[in-house]
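Have a look at these structures, which come just after this line.
You will see subunit A twice below: alongside subunit B first, and alongside subunit C after that.
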Partner chain A sequence: MTMPAVTSVIDYEAVASSRGGRLGPLREVWPLWPGLVLLVLAFALPLLLIFPESVSVKGRLSTAIYRSIARDSYYWSVIGRSFWLSLVSTLICLCLAYPVAYYLVRVVRPSRARFAYMIVIAPLFTSAVIRAMAWLTILGRRGIVNDALAYLGLIAEPLRMLYTEEAVVVGLVYIMIPFMVLTIAAVLENVDGTLEEASRDLGASPWVTFWRVTFPLSVPGVLAGCFLVFALCLSSYVTPALLGGGRHKVIAMLIFEQFMRTFNWPLGAALACVLLIATLLIVWGYNRALSRRFTTRHRVAGAAA
Partner chain B sequence: MRGAGFSSRAARQAGIGPAGAWMLRGFSWTLLALLTFPLIVLIGASFSASDYVHFPPFGLSLKWYGAFVKDPTFLNSLILSAEIAGSAACFATLLGFPAAYILLRRRFPGRGILESLFLSPLLVPQIIIGVALLQFFTFIGIATSFAGLLIAHVVSVMPYVIRTVSAALQNLDPRIEEAAADLGANRLEVMALVVAPMVKGGLIAGALFAFIMSWVNVEVSIFLGVTGGYTLPVVLYNFMEYSITTVVVAAASVAIYVGIALVLLIDRVIGLNTASRL
Partner chain C sequence: MPEIPLIKVDRVSKRYGPVEAVQGVSLDVERGAFVSLLGPSGCGKSTILRMIAGFERPDGGRIYIDGSDVVDVPAHRRPVNMVFQSYALFPHLTVFDNVAFGLRRKRLAREVVKEQSRHFLGLVGLEGMEARYPSQLSGGQQQRVALARALANRPKVLLLDEPLGALDLKLRKRMQVELKQLQREVGITFIYVTHDQDEALALSDQIAVMNRGELLQYGPGRELYDSPASEFVANFLGEANLLPCRILQQNPSPAVDIGGTAIAVASLGDGAREVGAAALLVLRPEDLAISREPPLGPCRLPAQIEDKVFLGASFLIYLRLDGDIPLTARGSDRAFFDSVDAGGKVWVGWQAERARLVAP
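So, the complex of A and B:
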């Protein structure tokens, strides 16, 4: 997107077909075979095998598991909570991340940009388990937040902050902010700044310029960031399990339980299929949002020309 | 290209004006500080003299790091994590580099589908990769083996190598490869002796990315324990389900140090501004 694409000048297809007949092209690309074989055998095939597991009851084809999920209000409440927590986390993430992305692209001094980027990326290099552990330390009964509030005399008894849905949202937002910042920053970098200058020159206030020029042009990044973060929240397991304390179940926790605790694999597989389909729909939206970026740019370029 | 179309810093800020710039600066650095705060709390707590996890620490001591090194549970998991991450990074680079090269340079039927397939482990939720492989590996009988865990990690981290190497390959002039081929180099020689040295930075960064993504992985590893041990994040997770003591925090801090070291290394190799765009 930012680098010029160098396309090959060698006509490999012609070379290939002159050598090996119909299988020529396949033989020509032999260097990618080992990776392809691994992906097919240890990724695509296992993934496809989840579905048969979920539709076989005592060796016969049946949709009984899906029907029992659809009838049971418990599953609906878990799925509902998963979506709700993901939605809230995504929106909070957006509000916090957008200004930072704007700052990184437009305001930060180049000498500090590297340090700022490092701070944004560094948490990604730490396990979700460890980041949950940090929040357990901060939000616990004798954590730093309760200590500070007690010291200031604002509370007499420690607040119970852990093992609540709010704690899960805090943990999710903390994990997702880097993804949101980086996605929005990538799109903002391609927004032509001369349009903002033009808007200011024509007398628009900074506020009006932002809402009527900059923000609309960055909407594809906002959408892509939201889709990405929502999908990651929806399928996250560690953060809700550790910060929700097992009481506030989300769909990923149910899947984990079926496979590792109650050993009801067919039910686990059915829930995994539900989550997978939801995720793939969101990924589809993400790709659409990002491809819109280019059409938007073309429209702007067309209008400017 | 950063700030394309801007002549000066003043012009870059034209959109929001100086007052807006100051507000953004304050907000952003506050949030950036909050992003580092949890890690600082954890590292600070690991130096406590008491086994009760608290920040600021009760007294200062390195004894929990000593306890960490002496505890075989932690030490074995640290070694297992390092072995898995190191091997996964090697295999992912060995398999990913040729694939990235072919996908970028060749035009052949089904290329688009293959490209999507190679990147798709990033799109599928980790927990689903975990259960799919648990089910499959149980079926073929390698569910609790080192090989099973390693294969799972290679599959999960290979897309990072492919993205990083592809970005580096895009800056390469294909005519150099053509020249090498004209001078008699075969395909393998072109790739190993001409292309690989030219994208060395991309290869190293890709391998480092693969290492760290394997190092922090928990949602796949948690389903695939190796007989007699788990990777460090999974061991930490198991402890956290009951209670955390300072030795657990010290173990977590060691994992954080490895992460920070890798951030700095990747920054040295390709620059984080570039890395953040992958």
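So, the complex of A and C:
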């Protein structure tokens, strides 16, 4: 039986394990070494240093902090809000970014595409603080939106838009869109346009062609973009802090407070670990669900081979 | 009443920026015919195919399918299907789903879709491959899936854009035979784009030779080979010797002057040619007879042997006429091949009706 060579996220593993001998894996990851070193120094090491803080009380091994987190509904509400806001932001981001990516790759003339890409990337050259501040002037009590609505006589009192969860979502979506656009565009770029022509040729309208051919083939980009944006949202601090006004805490703010304000390092460390484990669980579950889908497909294909 | 052509391409032109890809091409395709568009790359043949399919819109002219103008009909509503050079199989769908793709768009009953798809997969010899993905198939098998997928829609015309271009020579020859059989079996009109003259000759009822966006000649392959209308067609379809000459005598006994020797021709070709006008005499290598003694008849020239090449089934003899005109002759008489040597003086003769005159 031949190895099915369907392009998917999961296939890399199959390819990697099928190649090389005992030393194969080590030898083949050499391009990763610089990145791995950085990752160990800047991520794994601090994590290892922090983790012991969270499991020791007065110098003795204890899960007391974790137990207190688990018992306290306040922490759960912050963690829940963080995941919920990240999820909503990611989905809105996807809906807004996909058409832009499609436009960049399929619609705009190649000569103008470069300019269009620059417009998408331009906001990334500005600090996230400044961009969040910009929303303050738009959504504030005396912001542009309220002024305009008052001028038109549609409202008597200024609407409270700032310092709400909605404001946080708006800010996050705005910040994250370039990442989503670029990730999806990169994958769409590799979807052969002839396939869309073939679909049209076989009687599928442009709409059906999109949903039957273009979109399914761009799913890897959609998944990658969602992962990236979700992770960035979950760990974001500046945007929720400025637009949520401290009232709608997310987990990054909570962790920051423990370390920098209340100097409760053990609690901060424990919260950081909870966030990490929760994130890993989600990623793992997501991957598993996907790989199951892909492997059943492979099995069907393999059985016929 | 004469039958209307199934496809009528009427003075169609298309330009990409400054490039005139297609210039005023008119072409009628009869129902059930196998027509090839033949020409070098960039000659506009694929553009014509894409305009018939509806992927490109002509800048001028009309295209009729079965009598109705389709220029404003979008690709997915045209009764034609295409086999792409890259096959364009959907990588995320199985072989079965690829073939059923078009049938499902027609909202046919599930059973009908299944039965039709299986029928056409059987027709191209791919029973049992339904559950595989395109990436699990060989190039030849992918080619067959592409064919089955297009045919399953029962198009009025099947458009094929160099469908065998990516296959190796042996497989290509086999697929040529199968393609021709398939076309007879399903009775669908084929329009076939290729740059391979052998392929065009082997497969087609009619060949349209194109160059630089223009249709140069359209007719049965035999006709194009025997009476090319231009230097390009003579050269592109088969091998040809082109002897520069001048018109010496008009009808009723036409003759040309080649390097001072009067040579009789059967006809002066299309278009009135003045006495003294320059022309090219087209001679196929296999129509030339070489002998030591001057042959009988009015068509003969002395020549010198430059080189000889053995090709297996035949051999080539490279000659040079007076006035430094090169000439190639093809033969199969091995005894004669062995008896001649480079530098030898010989005579070249041919039958007057085998030679054609074209404009220089």
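The working rule: the second predicted complex is superposed on the first by the 233 of 305 C-alpha atoms of A that agree within 3 Å, B and C clash if a C-alpha of one lies under 4 Å from a C-alpha of the other, contacts with A are read in each partner's own complex, and residues count from 1 in each chain.
Everything below uses one rule, namely that a residue touches a chain if its C-beta (ideal position, glycine included) is under 8 Å from a C-beta of that chain, and two chains touch if they have at least 3 such contacts.
Just so you know, these numbers come straight off a predicted model, no measurement behind them.
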item	value
Subunit B versus subunit C as contact partner of A:Val213, first or second or both or neither	both
Subunit B versus subunit C as contact partner of A:Tyr151, first or second or both or neither	neither
Contacts of A:Glu197 with subunit B and subunit C, given as first, second, both or neither	both
First (subunit B), second (subunit C), both or neither touched by A:Pro123	first
First, second, both or neither for A:Pro31, with subunit B first and subunit C second	first
Partner chain in contact with A:Leu182 - subunit B first, subunit C second, else both or neither	first
Which partner, subunit B or subunit C, touches more subunit A residues	B
Touching both subunit C and subunit B, counted on subunit A across the two superposed complexes	2, 4-7, 192, 194, 197, 199-200, 206, 209, 213
For the subunit C and subunit A complex, residues of the former touching the latter	53-55, 74-77, 80-82, 84, 86, 88-92, 94, 101-102, 105-106, 128-133, 135-136, 149-150, 153
Subunit A to subunit B touching residues, read off their complex	2-10, 12-13, 16, 25-26, 28-29, 31-32, 34-36, 38-40, 42-47, 49-50, 53, 96, 99-100, 102-110, 113-114, 116-123, 125-138, 140, 142-144, 174, 177-178, 182, 185-186, 189-190, 192-194, 196-197, 199-200, 206, 209-210, 213-214, 231, 234-238, 242, 252, 255-256, 259-260, 265, 268-269, 272, 275-276, 279-280, 283
Of subunit B, residues touching subunit A in the complex	1-6, 9, 11-17, 19-21, 24-25, 27-28, 31-32, 35-39, 41-42, 45, 52-56, 94-96, 98-99, 101-103, 105-109, 114, 117-118, 120-121, 123-129, 131-137, 139, 151-152, 154-155, 158, 167, 170-175, 178, 181, 187, 191, 212, 215-219, 222-223, 233-234, 236-237, 240-241, 244, 248-249, 252, 255-256, 259-260, 262-263, 267, 271-273, 275-277
Subunit C-touching residues of subunit A, taken from the complex the two chains share	2, 4-7, 192, 194-195, 197-206, 208-209, 212-213, 216-217, 300-301, 303-305
